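Inspection log for the structure reproduced underneath, given as structure tokens.
Order of writing sets the labels: A, B, C and D. Residues in every chain begin at 1.
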Amino acid sequence: MSEQVKVGVLGARGKVGSEICRAVEAADDLDLVAQVDAGDDVQQLVDAGAEAVVDFTHPDVVMDNLAFCIAHGIHAVVGTTGFDDERLDTLRGLLDDSPGTGVLVAPNFSIGAILMMRFAAQAAPFFESVEVVELHHPDKADAPSGTARRTAEMIAQARRDAGSAPMPDATSTGLEGARGADVDGVRVHGLRVRGLVAHQEVILGGVGETLTIRHDSLDRASFAPGVLTGLREIAGHPGLTVGLEHFLPLD
Amino acid sequence: MSEQVKVGVLGARGKVGSEICRAVEAADDLDLVAQVDAGDDVQQLVDAGAEAVVDFTHPDVVMDNLAFCIAHGIHAVVGTTGFDDERLDTLRGLLDDSPGTGVLVAPNFSIGAILMMRFAAQAAPFFESVEVVELHHPDKADAPSGTARRTAEMIAQARRDAGSAPMPDATSTGLEGARGADVDGVRVHGLRVRGLVAHQEVILGGVGETLTIRHDSLDRASFAPGVLTGLREIAGHPGLTVGLEHFLPLD
Amino acid sequence: MSEQVKVGVLGARGKVGSEICRAVEAADDLDLVAQVDAGDDVQQLVDAGAEAVVDFTHPDVVMDNLAFCIAHGIHAVVGTTGFDDERLDTLRGLLDDSPGTGVLVAPNFSIGAILMMRFAAQAAPFFESVEVVELHHPDKADAPSGTARRTAEMIAQARRDAGSAPMPDATSTGLEGARGADVDGVRVHGLRVRGLVAHQEVILGGVGETLTIRHDSLDRASFAPGVLTGLREIAGHPGLTVGLEHFLPLD
Amino acid sequence: MSEQVKVGVLGARGKVGSEICRAVEAADDLDLVAQVDAGDDVQQLVDAGAEAVVDFTHPDVVMDNLAFCIAHGIHAVVGTTGFDDERLDTLRGLLDDSPGTGVLVAPNFSIGAILMMRFAAQAAPFFESVEVVELHHPDKADAPSGTARRTAEMIAQARRDAGSAPMPDATSTGLEGARGADVDGVRVHGLRVRGLVAHQEVILGGVGETLTIRHDSLDRASFAPGVLTGLREIAGHPGLTVGLEHFLPLD
């Protein structure tokens, strides 16, 4: 790669895509060379010499976009949703034929959310109790949030791996729902309050002490630093990577 | 009353009573003149000239204690539990015959808890959403806590009085219990985590802002300042008072 | 007043003014009859039959706007800055000649911020210690924030009025600045962290317990409910009122 | 080692030592075989067949205790303070002559505090801003706390290693101390509030999001789980180890 990574953005006129264009333009080590959206010819990525693309488009078109990029040896950082095992296998097959090319598919580019989940899972076996509280605006349709469920599953897995005992809970009387939802043995509580955006707190406790890990997401722009990290690291990670955490130098 | 209030403590050798003896002794404006416990003769309160007593004893003996005190014109600050309407009526009858004497019966002497409940109820009509989270050690038998229920009821009452609209909540899918217990239309969430003592948070939210009122009780000694306030104010409040909040100069 | 209050907005095309136009239009009991901005003739307020106006304009024009409104018996809710004692006296003089008309001048329309300050001051005399922490984005020029200073002053005043003892603090060694700024005897700490908007926490503590009152302002839209409250109440408060708190039914 | 580790406690009648005796007795996989305090003969450790000891004694006696244990091949978990480089070198020399023996010297056995510091340092390079707030009871003599200083130094080191840019801070006017103490470029704020015990919060922020890691220590008993971890792991770590974090399976 050149000193400045030449970047193309697919979905460049979308809400997320336009934010990413701005962030790429503001970064000294990245060069925005192509902005592609519905109706545009993806060939312009090749013409502009794009080395890596960001794809925040739509499940209907993302596989075609990625097939094109991989065929032309262009790395891809993908935030588009809808990736199941079949799609990931298809990507692996395409990448086998283009061994130097890297594709990162990530459900979440917020570094804060990724670290919250990771730290919660790492810490969970060291404490007797762990519970998750997620707090969102009241227009949200699902409770608990997908991130809270995923966090609880990671905590439960970490505790199983470590052979942790079940959590103590002497509750014998009370009101239905008071102790939250049970996700794989971990209690998860969902608040819906006007004025909130997206927040999550993991509370871990042992004798005489508690450790609390909280993530507050106040603005959608919070995904931008994670996408830029993806763009900077993708050339060093050929093949398929699922999850931004694999690009973060955490150990 | 004299400059220093002469105080007797009933239940003086109990866990709470002994803490109160210490607190009374440490206060310049109070004079500990009698410490009475099971087996002791209450007559010593009169002999010692006690002007006010504190009673943290037992539901089985508290009514006899209070009958004695009222008959001798000794004010009483009572933290013993078990007062129902019948008992309160009995006290009112006794006090009718001793018009200068005051009795304060309070379920909670923690000034922080009292203020949390009061502020939450006052603020509730000004916000679209209000939820309650209570956090306790995992040996607690009931969920939600009595304080959380009472707080939710006070919030619900304040919103009814103000004609507040129902709270917004678009939840349509999810796991059972994720949205907590419903107490009079107010969502209440109970966490049970080792290391915690007794904590409660009320989160109120409107467009673009939230107000959070949190009470942390870390030590049983937190009731002492409330008891001392009771002792200082009781002479000025003849008759029966239920709830320490009536002695706090809040308006 | 009619059932629906007829509302005019001065500064209607500004950032704040346009938000207020939207909020007034969305409210069933308010009717947006005039939108006036720089270059428009204020006479249209009268022609449209406006009963009350909102003014979020500029210190240079607000006095002329208000003189016009008062002369025509139109109530005013004012968020424009720059009101000193001289300007307030001028308003009082104008209002003397129009006795049924009300003007509300308020430095802060966020109900959450107003309640946080009020509750903090009310609670302060009941606790040994009170400190203030304000947290803002790092582009803010002043530290501590104006709201934090004002909160500390209100706390200090409430404690003086109650004869509270000085707060305990055994700090004898350490680093400069570690204990924050001293505002009238109250410690105030200012954090500047990217990702934050405007937040403040007041922590009050006594033996064994703490009470925390926190306000999070995540969006400028948080002033709208306060402005609507002003519009609904102003007809019932002829003369000059300074501060929205006087319109909130808090006692 | 046998299935149950045979444990001796030095300083067994002290405040901390007696808590540890209780915790060892309550653990199924540990067997309390000797309780030694000032005036007792340490030979009883050998006679009782102790495989590992805990030492919470005094700087004046700890080196003699450890020399004895190492000479007899007894592992040691040490919470006594006062270890400088010279003492650590002495221990290394003694351990060279007893190659299978392990000694753990740890300034902090609270797993929550250790994880807070570690996570804060790991996360620090991923965010633009990091600040530390520590909150303690008002009888504490130093501000900021030793843990807060150490946390700030670890954060600063992690950011230097990662080549992080200086943190943004546009503060240009204000009151002295408002922005806290500067520890190696990291702002640290110390609150002193009655009712608090020992608490610390690290707030990290990037565009649109914040990550908060908080440790609350409510009871001295919080060191016990860390000491037990030390006892369980020490046989597998011959030689000198400084810091409990090396025994925690974190990566």
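Keep in mind that, in the parts below, contacts are C-beta pairs under 8 Å (C-beta built on N, C-alpha and C of every residue); 3 or more make two chains touch, one makes a residue touch a chain.
Every value quoted in this text rests on a predicted model; they were computed, and no experiment measured them.
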* What is the set of chains touching both chain B and chain C? -> A, D
* Chains touching both chain C and chain D, listed by label -> A, B
* Asked: Looking at CA centres, what chain is most distant from chain D?
  -> C
* Rounded to the nearest 5 degrees, what angle rotates chain A onto chain D on CA? -> 180
* Can we say the copies chain A and chain B touch using the same residue numbers, with more than half in common, or are the two sides different? -> same
* **Between chain A and chain D, centroid-to-centroid distance (C-alpha), Å** => 34
* Inter-centroid spacing, chain B versus chain A (mean Cα positions, whole Å) -> 47
* Rounded Å distance, chain B centre to chain D centre (Cα mean) -> 39
* **Junction residues of chain B, two or more chains touched** => 127, 195-196, 204, 206-210, 216, 218-219, 222
* Spell out the residues on chain B that touch chain C in their complex, using ranges where they run on. => 110-113, 115-116, 119, 122-123, 126-127, 162, 204, 206-222, 224-225, 248-251
* Provide the residue numbers of chain A that touch chain C in the complex, in ascending order. => 195-197, 216, 218-219, 222
* Structure fact -> The residues of chain A that touch chain B in their complex are 127-131, 133, 135, 138-144, 167-183, 187-196, 203-210
